[in-house]
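Labels run A, B, C and D following the written order; every chain starts at residue 1.
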Amino acid sequence: MMKPDLRVSIGGLKLDNPVMAASGTFGYGREYESYMDLNKLGAIVVKGISIDPSPGNPPPRTVETPAGMLNAIGLENPGLDGFVRDKLPWLRKQRTKIIVNIYGKTIEEYAELAERLDDLDGVDALEVNISCPNVKSGGIAFGSDPVTAARVASAVRSHTQKPVLVKLSPNVTDLVAIASEVAETGVDGLVLINTLRGMAIDPISGRPLLGNLIGGLSGPAIRPIAVRAVFEVSRKVSIPIVGCGGIVEWPDAVEHIRAGAWAVEVGSATFRNPRASLDVLEGLERFLSQMNFASCQELVGLLA
Amino acid sequence: MMKPDLRVSIGGLKLDNPVMAASGTFGYGREYESYMDLNKLGAIVVKGISIDPSPGNPPPRTVETPAGMLNAIGLENPGLDGFVRDKLPWLRKQRTKIIVNIYGKTIEEYAELAERLDDLDGVDALEVNISCPNVKSGGIAFGSDPVTAARVASAVRSHTQKPVLVKLSPNVTDLVAIASEVAETGVDGLVLINTLRGMAIDPISGRPLLGNLIGGLSGPAIRPIAVRAVFEVSRKVSIPIVGCGGIVEWPDAVEHIRAGAWAVEVGSATFRNPRASLDVLEGLERFLSQMNFASCQELVGLLA
Amino acid sequence: MEANRILARVVECKLVADSTLLLRFHTLEHRWTVNPGQFVMVGPVLERFYEPFLNRPFSICRRPDEHTIDLLVGIVGRATGFFLQRGVGWDSWLMGPLGRGFQPGEQAERAVLIAGGLGVAPMFHLAESLIAQGKRVTLLYGAKSSRMLVPVTALTEMGVEVVFATDDGTCGFKGNASELLSEHLDKITLSNAGDVYLAACGPMAMLEEVDRIRRRLGLSLEVSLESRMACGVGACLGCSHVLAGNKLGRVCCDGPVFDAEEVFDR
Amino acid sequence: MEANRILARVVECKLVADSTLLLRFHTLEHRWTVNPGQFVMVGPVLERFYEPFLNRPFSICRRPDEHTIDLLVGIVGRATGFFLQRGVGWDSWLMGPLGRGFQPGEQAERAVLIAGGLGVAPMFHLAESLIAQGKRVTLLYGAKSSRMLVPVTALTEMGVEVVFATDDGTCGFKGNASELLSEHLDKITLSNAGDVYLAACGPMAMLEEVDRIRRRLGLSLEVSLESRMACGVGACLGCSHVLAGNKLGRVCCDGPVFDAEEVFDR
């Protein structure tokens, strides 16, 4: 049996393999150090960073739902300076690729983040979050409209030499239109999808189960929506797509890749199994070699 | 313990209790006759009807997904005449309310369906489906834009004396905007939500698991999305809302009602348990009396 | 009695062939009148747990007594994997008996049943009932390999002639059940076509092949179809199958057993 | 050794009080060094089944030997209901040992542990370790009613003084554990504040009350907090708790045990 070639290039971002840890579900990497060899991952996407530190939303912030979960972290983060001071030095020492997820309250903030990250050693790419349902100003609003989405993407694109991925929201009427506009801005790839807006209430007490009332739905429950998003967008847009949403075990990654994803991100599955991303990678590699694929790239978009 | 008052009026539609069977998941009622006393239900919403018979989509048409399912029936139905000839006579004899779910390929077709159903005895209300993800022409397109959605609603409203419910799609950027426009047309209520667009692929073979490739996601997996939709819309729109999406057991109905629903529809849960709707009703009634609610109406929108 | 939903407990769970379980359900309900070829929808009792979410259809394999229902279950995915995991002692809802079963009629004295793989499940019940009616019954039973063959002593003991076919030749005829059928029909002499009743259950390719053979000989045939199901009772229109002349048939209630004439275009 | 993820089997599952299970896990892994107050994330092994989806945090109650971990589990919802259903013989992943445990320090000779309801779980381990260090240990253990009290003979046998409080007076002091604490502290004479170590685990209202009492007396106190958790390791920021001075603390890794000074605003 052949060892399949797992390398993949998302535009300028060259990965040793196509399995990454999704933003917000893998902390700043170090939290999972004792559970796995981080360097085996294609990349780690760190928790979303804003210019200023942010305290996030009031608790409770997570709740389980059928085959999934809601979160309303509200992008708690130490701010760019805090990140650079406290997190980046350790991250820089890792051999895996580090992708920094960024979000701003204005287009200018996105541009500023891009510019300030551009110089930094140890940051391999940016993932632009225009799709977070948990912050009021900005976030999802930027991802809801093709023109605004493209404007954010352009702003980031023009302020950094590093590869740029744009992460889109599924909470929209016409994802393909947004994806198409964003793709035109010259970014390296699209990440599909962020969470879906949801809510849960304790039936007995009537207490909303999230402090923020509304949060983002993730996990296996949303996998069919994510796969559909990847499929539709990949048929219309020519830049690489990174699939994300409901990937828990390796067959889920294969499903995303067959739908059209060049690479995948494993999100909330990591909470269930800290090694989920590596297990996915190992399963994927096994599958490819058993099925005699010479490379993972051959599987992209391949339907029967 | 008091017996709570379960009656509810969705505009002109007076129901003995707030639990209905959702369209497409309860056939034409008769299929479940041997499993339960149909007359105990608040209402039965029959499978979507179009003017002309429709063969629906190629099989396979359903597939299970984590805590849910995808369907791409494609609105197979015998057409209005077939329905009136073969299904209505039996339905008319039932004491429960019968709501006919309609969909058209043009606004004129919606109007025509409304007009022709207006005369018919045994039809207690119309549910206007502008939200089905499984038919190409029409369907979801009508539900994606506030102006078009309102136009369909107006057309139906002006062609029938019967109560009119409009069933909305969650696959939109701004559900509240659509709901607000539709509410202005004088319809009796809104039904939230129809299915979310999704897809599943067999990882091993690469075969898409639906003949139509894309289908609608339903079941517990989508409950958080449905509850959020009910919550958001009910805070902004004054006409009654019927909650639908992921209701399997009675606490789920309570969750929808607390979010703001006046009544609920039980959908795919019926496939799992043909008595699901009645079990939900009985549980709801027990809950209300144990918690000393005089009526179900008191629970609507009640959060702690 | 009409179809209903009953609570049943798994009292036996035995591997009878590769990846194949015999599941025996015990239930207090005893009013079911089951026709061979009918099926049940199986849904584990899992309140507030929605995996698996939908019930799964399985042909009723045998009904040893009025409180007992045997199923033959191939382990192929989530629900069936779950059955294996749970072993015995768990409770399940059974909806049934569902669908249109086999309708062999009176006249044919001889029945030839063709089963491919797990398609053998309903043939147990059918053969039993045909034997009880005094018919001469042959079961042509094909599988990939001998390891996949479910024991059929219960049938041979009651006088059913069983002939095996395996793709790899590890048991009986080397080839599939439809090839075996050709051979078999060559051997028996029929005075008229009505003398023999054919029934088949298995993969679609096998059913098509069996249909071609029986057409050539002018015999009638019933086939049991499969389809992914959500409701099992005709409500969801999920199991629609494109029949002859582009007509749609719901496998769960118009079938699963259809006259081959209805199913295959000439 | 650092926290890791190990496979464990449930070898005992016993109702020890109303809706309260003692779950005993056996594991081949034995390198865990557990500090009292640390916890594990429990996730049943369920491939391709995503209900429950997330792991659940439980304090390590006792560690009878290096291959054994005991948890006390209140049955309150989906996952804990599942544990009850499964009984013994199932496998689970355990992530641990997690979080910052109790840090009683050396100087205090006397420890008073205050437990409300299931908050008693980590107190078993803590009391045991304090006794091993030669301290004098009192456990004030409150519950709604005697039926909710978990047996504590293991503790009394090793010399822990246990005083009960029940809301309905069905066992011991009528009232809650914090009221009992007031009474108890009145009885003991302290030459200086450093002589006694206080640790509390239970509902937030109880912790607040305990904090008020110890502040009055100028005693130090550690409290173990609860929060809904997704990751359990500091990665999701889901368990953030608003601490004193509006600072945020992650219960899973900055806690679950905090110095009361950090937690409560004056």
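Please note the rule applied: a residue touches a chain if its C-beta (ideal position, glycine included) is under 8 Å from a C-beta of that chain, and two chains touch if they have at least 3 such contacts.
Predicted, not measured: the structure shown is a model, and the values here were computed from it.
Farthest chain from chain A (centres taken as the mean of C-alpha atoms): C. Chain A and chain C have CA centres that are 47 Å apart. Separating the centre of chain A from that of chain B, both taken as means of CA atoms, is a distance of 34 Å. If you average the CA atoms of chain B and of chain C, the two centres end up 36 Å from each other. In chain D, the positions touching at least two other chains are 48, 50-51, 78. Multi-chain contact residues of chain A (touching two or more other chains) are listed as 65-68, 219-221.
Chain-to-chain contact here is organised exhaustively, every possible pair of chains being in touch.
Those residues of chain A that touch chain C in the complex are listed here as 66-67. Residues 24-27, 31-35, 47, 55-56, 58-69, 71, 73, 76, 219-221, 248-249, 268, 270-275 of chain A touch chain D in their complex. Within the complex, the chain D residues that touch chain C are 48-51, 78, 81-82. On the side of chain D, the complex with chain B involves touching residues 50-51.
Within the complex, the chain A residues that touch chain B are 65-68, 70, 144-145, 171-174, 196-208, 213-214, 217, 219-225, 227-228, 231-232, 246, 251-252, 254-255, 258-259, 287, 302-304.
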